[in-house]
Amino acid sequence: MNLKKGSHNCITDIAGVQIGHVTLYEKLDEEQTICTGVTAILPHKGNLFRHKVHAGSAVLNGFGKTAGLVQINELGLVESPIMLTNTFSVGSVWQGTLDYMLDTTEEIGDTTSSINIVVGECNDSYLNTARYPAIKPEHAVKAIKSASTSPVAEGSVGAGKGMVCFGYKGGIGTASRIVSHKSINYQIGGIVLSNFGKRGDALFARWEPVQQDTPDGSIMMILATDAPLLERQLQRLAKRCAAGLGRTGSQLANGSGDIAIVFSTANKVPHATDSYTQTVDYLRDDHPLMNQLFQAVVEIIEESVIRSLQMAETTEGRKGRIVTKAPL
Amino acid sequence: MNLKKGSHNCITDIAGVQIGHVTLYEKLDEEQTICTGVTAILPHKGNLFRHKVHAGSAVLNGFGKTAGLVQINELGLVESPIMLTNTFSVGSVWQGTLDYMLDTTEEIGDTTSSINIVVGECNDSYLNTARYPAIKPEHAVKAIKSASTSPVAEGSVGAGKGMVCFGYKGGIGTASRIVSHKSINYQIGGIVLSNFGKRGDALFARWEPVQQDTPDGSIMMILATDAPLLERQLQRLAKRCAAGLGRTGSQLANGSGDIAIVFSTANKVPHATDSYTQTVDYLRDDHPLMNQLFQAVVEIIEESVIRSLQMAETTEGRKGRIVTKAPL
Amino acid sequence: MNLKKGSHNCITDIAGVQIGHVTLYEKLDEEQTICTGVTAILPHKGNLFRHKVHAGSAVLNGFGKTAGLVQINELGLVESPIMLTNTFSVGSVWQGTLDYMLDTTEEIGDTTSSINIVVGECNDSYLNTARYPAIKPEHAVKAIKSASTSPVAEGSVGAGKGMVCFGYKGGIGTASRIVSHKSINYQIGGIVLSNFGKRGDALFARWEPVQQDTPDGSIMMILATDAPLLERQLQRLAKRCAAGLGRTGSQLANGSGDIAIVFSTANKVPHATDSYTQTVDYLRDDHPLMNQLFQAVVEIIEESVIRSLQMAETTEGRKGRIVTKAPL
Amino acid sequence: MNLKKGSHNCITDIAGVQIGHVTLYEKLDEEQTICTGVTAILPHKGNLFRHKVHAGSAVLNGFGKTAGLVQINELGLVESPIMLTNTFSVGSVWQGTLDYMLDTTEEIGDTTSSINIVVGECNDSYLNTARYPAIKPEHAVKAIKSASTSPVAEGSVGAGKGMVCFGYKGGIGTASRIVSHKSINYQIGGIVLSNFGKRGDALFARWEPVQQDTPDGSIMMILATDAPLLERQLQRLAKRCAAGLGRTGSQLANGSGDIAIVFSTANKVPHATDSYTQTVDYLRDDHPLMNQLFQAVVEIIEESVIRSLQMAETTEGRKGRIVTKAPL
């Protein structure tokens, strides 16, 4: 079974979702190269703190540094942009995202409570001089401000600039699916930051194994849907990303941070309201559309990984290392 | 990458692991058929309560009734046979397994503490008259007593008698792998009870989708290894089963209990001892053998599912329903 | 702050909740005594499978054998009575509860899916000859059928017959609270099966430590509320039971199964329906009533434990052991 | 039962553990005051990345922003200082801690993998102008470099400078215990950052409830022991902090980040080694010392909270707000 793709086969097919990239590339000297970036995912066009979205996460393998999952798990909500970057820039991007949210939301930390910032990462230190702090808080702000609902640039862009996947150039990939039953239609889309795998592991290509000196790597997977789902159900979707990774050939290696976050744009939860209750209309777990959504997650992860390779370009990084575009 | 298979490609390749089946089949009348069974997995040949093994579990989808996971998660140990049966026989098999352990271990519940019984299940009510309580505690005892280290009978046998997988006859499957690095070798094997999937989902065959009236089904996955692993590491292995399922085409459907338990035979933990500490020598997480073990889990799950189909036979169950052997 | 108690300070203050006890006591010979029982908690008066309730659980310490949590965690629903008994009778009570549900719900396992049975336990083998299988499936059926909305019998009754708490006679205790804000009122109540603690640990009494040969023991905690809460929120309530235990003096000992299940009667979820979505109106997490509910959980657990002691009676069990009523 | 206190009743009673504080206080204008800080906890005196310690965590309530738990949970290790600060300075302190680790460990991000930074927080925005980014990365570095094994300064110091607890001035508190059995002795100590509670909730004092406009607040709890424990066992200790909070009167309020991290100094795990296995000698779960350690956790949390109040001083913060020292 293959589900129908969304109109642009892109996470921005889900109405309101916006993606922004900032890409940094600079040869510092013979040895050192800045080859990295930031990617911002905005669940909707309004103020994300004032109107939160339901979300769930899954840590499929936890050799990762993602910040913000504790509160997502407790409250089932995302209230900030979801940011992706390199491993050593989590602090910087966290700071920039906070700066942006404070600038646009004067009540945070003054008359109301704190805000939960979400930053995921993969380790691009094979190509990028990661010890050099190239990414500054303002790059996070710029990625957020440049976010748009247009089809997403993929491959060696944004946080994907320095990533390596199956021994070829990886990075950003996206895909989307439409699920439908009778007259009901929902859309679901995903974006991945791919940075894992040995060449011989790929199931979608027949590549000879080579000796690779890249570390185990990681993958960040962010999905959005307009299906009305509770946080528990979004967690269920997040867990299905493991099956999608399995289809690519991944075994979720030891040194990998394989982390998924899924949010729904269907129900917004206001930060402040006069009502003491919240009403939500959610899809029943036993409805056929739920299994279609699970299937969609699996397909989206598999295809997004492949696209992250297809859309990437051969890249030279630190120490003169060159990672080539995959023959796909 | 494909790892080397164990000598019999079977979970009993891991020294000491024993499997026993009890199969029940009887046409009760025109409408009703008993078509079910029990499978016992014994981690070693000694008294399992007095010498426990390290274990970890993962609930990949929790529409299931497996008993015993609470204590496995807290203490990281298995202290009884691991039993598989149909959904409505969890109580009966739990009782029989307790009976067996009490009979063979006089101190339990008298001078020492309680015992944790582990029973997993899949729903065979498409073929089996599940509402009829055919399985009695003594069937569990018989499955345990008949367990042997011989290569495992597969297909429509034991708990697998009434199971349906990808719309064909499923049931018991097994596979094993050898991981090696320099002079170090470990073995790992698995046994599955397969009962999930729609025909068109399979990735290992090209089958036309058909209208299926079987429910979502489930899969139980039990793995054994002689690699010296801590409970945390065994949990990591258990989580990789999701990638193995993904490779078969599963999307871990809503109504599925997709549950994995992995144990290691390398270190036995005595129930009673004079020592106040326990010494364990465990494989480092960053050693290349760990990623090989992860890969082995993925391959074993995929192959065990396929074998459960290949080794099954066309079976007639209740209401005259016939599930055919897969064309594999 | 102490919250107002419910009209009977009892879990049955929550409309529709019913409790049933079956108590077994028989001196078999000089050495052996049956001193045990079964307690059934029914969330409402209708068919529990056809109209499920939202539920959450927390395993505060997992040296326990509770069956049924896997599916509660996945789907956030309870669809059967919640049963309490002794450790070795989980299988028997599981079977009896299944029998009851099959008898009253003909579609289970025939035209529709399986059912998730929930059985919790504590180890009463200090007083009860636990190795003797006194509890049969029909005792579970009897406990369910005898359940009523009347104020609950407490102390050495039902599953509490053989339990020991802080070295005195423990067992069943209950308490309830009313939370209110402006014109909104909710009720919450709990029932515990107390079987833990050393005498010197109690914070609610000044008892001299004595040499105790009882094992670490356990406590099962079941709470019901008419506040409209999602499964995630009910999990949050369940986790607060640890603070309630802390107030009694418990340190959640190693050998203890300290397990909480909380359900809400406010929203029933039909098993079958024509609607593809489910609408739920739930209390906002940041509403003052939520903190009151958290406080109520803490108070209910503390008071239920104390009441389980106050309402118990001196009991003679196996090997001539006598556990006395606490001087409270 | 009350356990014996350590020689200084301080987390630094555990050999090698070091604590460093940086405190910032400055009245910016009539309205705004910097009243915050950073506290660093170093598990031992060597390079923390090259020699890691076993660790476990528990999120008792997850309305918090702690970074670094994902990897602790996966690998059971801490490989950096554990940092505490205010909510909005997580990014800054994360960056400073990374800077320090990169400066002292040249292989990170170059020839070897990434590093996991751990930063916990409470919200001091009642007294502190949290929107003003007073804390810079260098303050984190300074806190680390100033860390010592001396008895810890408590109260309104370091990250505790602006915290409020039970409506009085809170902040840093510490305590320690000795557990012993025959000739075996272990030490365990804790440090808390207290920032929660309504006045009328306290169980250790009889305070009149007052109208409080402080938010729900949070508490970070870090414990260290020289008992040889696995990560699973350290998680068990971490979960017992909930019972300790319960004894103070906490109900773990909705808006609270109640998070515990526990590490053991007994076994160091080298980042790089020639050995493919790791040997660990750990305390058996059923040894009486384990229950003593659980009891110690409960007592340490309760006493540390009380000490954080006793050692604090009346403090004036932003908007002229004055939080007084508790009458203890």
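Brief remarks on what is shown
Letters are used for the chains, namely A, B, C and D, taken in the order the chains are written, and counting of residues starts over at 1 for each.
Please note the rule applied: contacts are C-beta pairs under 8 Å (C-beta built on N, C-alpha and C of every residue); 3 or more make two chains touch, one makes a residue touch a chain.
The structure displayed is predicted, hence computed values, not measured ones.
Considering every other chain in turn, the ones in contact with both chain B and chain D prove to be A, C. When the interfaces A-D and A-B are ranked by C-beta pairs in contact, the top one is A-D.
Averaging Cα atoms per chain gives one point for each, and the point farthest from that of chain C is the centre of A.
Chain A and chain D have CA centres that are 31 Å apart. Averaged C-alpha coordinates put the centre of chain A at 34 Å from the centre of chain B. Shared interface positions of chain C, defined as residues touching 2 or more other chains, are 61, 74-75, 236, 255, 285.
In terms of which chains touch, the assembly is arranged so that all chains touch all other chains. Of all residues in chain A, only 1, 60-61, 198, 200-201, 203, 209, 216, 236, 239-240, 242-247, 250-255, 285-286, 290-291, 294-295, 297-298 touch chain B in the complex they form. In the complex of the two chains, the chain D residues touching chain A come out as 59, 61-71, 73-75, 87-88, 90-96, 98-99, 102, 108-110, 113-114, 116-117, 123, 125, 130-131, 133, 137, 215, 255, 257, 259. Against chain B, the residues of chain D that register as touching in their complex are 74-76, 181, 184, 228, 230-232, 236, 273, 275-285, 287, 289.
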